[in-house]
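See the structures that follow.
The two complexes that follow have chain A in common; it is paired with chain B in the first and with chain C in the second.
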Partner chain A sequence: MENIDHQKVFDAKIEQDANIEAKDWMPEDYRKHLIRQISQQAHSEVIGMQPEGNWITRAPSLRAKKILLAKIQDEGGHGLYLYSAAETLGIGRDELIKQLHDGNAKYSNIFNYPSLTWADIGAIGWLVDGAAIVNQVSLQRTSYGPYSRAMVRICKEESFHQRQGYEIMANMMAGTADQQEMAQDAMNRWWWPALMMFGPHDTDSPHTGNAFKWKIKRQSNDHLRQKFIDKTVQQAEVIGLKIPDNQLKWNEEKKCYDHGEINWNEFYEVINGNGPCNRQRLNNHIKAHEEGEWVRKAASAYAIKQKSTVSQ
Partner chain B sequence: MKHQEALLTLTLRLGDNPLVLGHRLGEWCSKAPILEEDLALTNMALDMIGRAEVLLRYAALIEGKNHTEDDLAYKRGERKFYNHLIVEQPNGNFAFTIARQLYVSLYEFLYYSELMNSKDETLSAIAHKAIKEIKYHLKHASDWTIRLGDGTDERHHKMQEAINELWMFTGELFESDEVDEQMSELGIAPYPADLIGKWKTELIDILSEAKLSLPEESYMQTGSRNGIHTEYLGYILADMQYLQRAYPNAKW
Partner chain C sequence: MENIKDTQWPIWEVFIQSQAGTPYKHAGSVHGSDKEIAMQNARDTYFRRNEGTSIWLVPTDCIVASNPDDAEMFFDPSNDKAYRHPTFYTMPEGALNI
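And now, the complex of A and B:
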């Protein structure tokens, strides 16, 4: 009987657009769904540091190096907020990392693509963070309080990242022929994976049903993808970049762009571990984690020792 | 030596140290033992690059050849770099990086505390900003030295080994030449050799709290004051300068 009352309270809160907080009762499936989604996002922030970190030592100016370092720190900081948000649901960071290493938790597919030239740092900031923002803005109104508040903070920083990425691309497009070629090449390689970031078409998206009912997710994959395309096409045109899609066309009736079909075969292959960098990214994370074990142990042993010294 | 030449050499030395150490710390990205440390190490890299930027900008101004800070960072060859050998040493394991940070931050803490009183207004202003960061770097390094040193055999051994391995590069921090003499006489910069006593006393304090021993006196490496480096610097510059060298006409 008690459970039914809890369920009613929960449903009423969702109905009224009130936040669910960590101490509130929530259905087990809601909790699970959130843990899966938040941890995936946290892991994405952390794994996403790798393709960008790949260019720290080679950034072409001191200013660019500073911006890149600061950006990567922001991403790591987002990972920390999100791990904390997941922890409010009763799961520790160690367990979440274990799930990542076991392959039971995912991270965004986009980071399984390589960052090959400096223009990729521009493309990642502009397109990848740009796509992430569209999704995250929508998640600011998600029903779970700690998650929603983390998203509000994250959105502020991500929009700054997107501008920085765009600035790199704009500078390169205003530069030498080599730079323009590099920028267009990065655009060609990152455009389609960026569109894939929104996930499968609404008709093929397995998690959509409950996520909508519980207001974890507020807008559909296709809706968000369209929003991203519509704002990005113009930005590309302004700096002279071509969108690598022959079928891209303004649809006057619908007031949005029609676009070519996404290569879903590639999408599922990458999700299933066959992207160019899946093994590299995960192995790097595992290696750092394993090599750092003695350091983490030392820190916790020392903390215990300090505590016992104080209590004596 | 002309005043301008001495001031330029001093400023390049001061700028090259954080440039190269910032490079090394940046290499820790996605490799640290825990996310918080990944952020701490790259945050220190950011402090270092920021400091290098203002110092090299000042060096370019003193030089008076219309160069920018980026020209000095990205277009100088390895024989014209004046950073201490210790900052170009590879990161090694976490203990090794901490030992390098400890030696350097303690030195920088003493050096920049005095540089704040420099009669050169630009250097004094730079030192005022840098000292806040250096205090944090020193605290970070000494906290970790104690955590690792004052632990089980394995940890203690790794930390002691790192302290010992890097010892031969510490003598160079206190080398003082004609430039230092001239600059200290004018009240522009401290005389490095004068700092060694304090450095050792404070180091011994930290090491004894960490239950580590001060390495025995041994032969000290030298060279950077004349632009002579270990083999590592060439690779650092090949990496750092790659885009600027490959596309000399490009602006980023």
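And now, the complex of A and C:
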């Protein structure tokens, strides 16, 4: 059989917008980039369960509690879809979890902020999931097949997350002066971190060159951030919330909103471990993992025993 | 139990039938120490809404996949057998219901 020029076949597929599948040849850096990006996203889904989990026992009604539980369970599911996609690249779940615990794999900065009041649950669903959706919709067209399919599945489930959050905010804004103040306070604290979720400005974001070339990433950080701002401002206005940015204004020429400068110092401080909840989030994960060890072992022991009794 | 290794359990591929009568489609994978736990995990992971009515689980290492490098040799020959398709044949003018 003639020698196949793997790189050429790969390049042609990317050129034609065809998906790369798990068993296809791919450049080592493509594989590495995907493992880093997909696992970071998986860890984010799972760590992201903590700020919301903080309010399950204090949800203000049975309806609210049921919704919150379902939403958090979805996030756990999203983590699992993504781990599953990462594993097709030849890395094991044990290794992925180890990387998280060692601090070698990151998760989204946003989950290092605390959820202080019930209004934060509204702000998280509306703004944090809202920002995540903009990114995830764009990633449905990513070049790696298993990743793209996980994104499609996730996007189907996300819109309920955003709507339940917005409903909480709308209800509070229709409530007492105290409730309105609480909603605005949550808005003030979550707005800027939500904008930071899209990552650094295009002019100073590392890694993006290859990610674009390989069509892992389809739209730039700034483009996606702008999209999020443009649709969220109107939603805030409808329920009477103010965007905490006095430089925010409509740019008639560009047909989009101009916004104030993002505090990138804060962004890098939190990335480097100095956010309000970094230690707590990671320690919780490690603790749950360690406390689950006997369960994993017991189930493995049971499986071995079942197999040996069957074969006798 | 001291000699049992702590692992994330074996991987199973999950196939979903979304409606009775339709083919099963690959959804993703789950981890499970045995069939029962894998089935429970597949249900919790891929069936939180009305995604389907039936699940197949296959241990990942039992899947046999074709080699992408052989794709040309393996699948292209069927392209030059146009006579396997009904449009290859010329039907006499006026013949109906064929």
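Following the convention adopted for this analysis, the second predicted complex is superposed on the first by the 308 of 312 C-alpha atoms of A that agree within 3 Å, B and C clash if a C-alpha of one lies under 4 Å from a C-alpha of the other, contacts with A are read in each partner's own complex, and residues count from 1 in each chain.
The rule we apply is simple: contacts are C-beta pairs under 8 Å (C-beta built on N, C-alpha and C of every residue); 3 or more make two chains touch, one makes a residue touch a chain.
None of the values given here were measured: they were computed from a predicted structure.
Novice: Answer with first, second, both or neither: which of chain B and chain C does A:Glu293 touch in the superposed model?
Specialist: both
Novice: After superposition on the shared chain, which partner residues are touched by A:Asp24: those of chain B (first), chain C (second), both, or neither?
Specialist: second
Novice: Quick check for you: in the superposed arrangement, does A:Leu80 touch first (chain B), second (chain C), both or neither?
Specialist: In the superposition, A:Leu80 touches chain B and chain C alike.
Novice: Which partner does A:Gln235 contact after superposing on A: first (chain B), second (chain C), both, neither?
Specialist: In the superposed model, A:Gln235 contacts neither chain B nor chain C.
Novice: Of the partners chain B and chain C, which touch A:Ala150 in the superposed model: first, second, both, neither?
Specialist: It touches chain C, and chain B stays clear.
Novice: A:Asp94 in the overlay: touching chain B, chain C, both, or neither? Say first, second, both or neither.
Specialist: second
Novice: Considering only touches as defined above, state whether A:Ala301 meets chain B (first), chain C (second), both or neither.
Specialist: both
Novice: Kindly classify A:Ala64 by the partners it touches after superposition: chain B alone (first), chain C alone (second), both, or neither?
Specialist: First partner only, chain B.
Novice: For A:Trp118, decide between first (touching chain B), second (touching chain C), both and neither.
Specialist: first
Novice: Which chain A residues lie in the overlap of the chain B contact set and the chain C contact set?
Specialist: The answer is residues 70, 73, 77, 80, 293-294, 296-299, 301-302 of chain A.
Novice: Hey, which residues of chain A end up touching chain B in the complex?
Specialist: That would be residues 46, 49-50, 53, 56-66, 69-70, 72-73, 76-77, 79-80, 83, 118, 168, 171-172, 175-176, 178-179, 284-285, 288-289, 291-299, 301-302, 305 of chain A.
Novice: What part of chain B is in contact with chain A in the complex they form?
Specialist: Where chain B meets chain A, its residues are 22-23, 26-27, 29-39, 42-43, 45-46, 49-50, 52-53, 56, 69-70, 73-74, 93-94, 146-148, 150-152, 154-155, 158, 236, 239-240, 242-244, 247, 249-252.
Novice: Show which residues of chain C lie in contact with chain A when the two form their complex.
Specialist: Against chain A, chain C makes touches at 1, 4-9, 11, 27-31, 33-34, 37, 44-46, 48-49, 65, 67-69, 73.
Novice: In the complex, go through chain A and note every residue touching chain C.
Specialist: Contact set of chain A toward chain C: 1, 4, 21, 23-25, 70, 73-74, 77, 80-81, 84-85, 87, 92-94, 97, 146, 149-150, 153, 157, 293-294, 296-304, 306.
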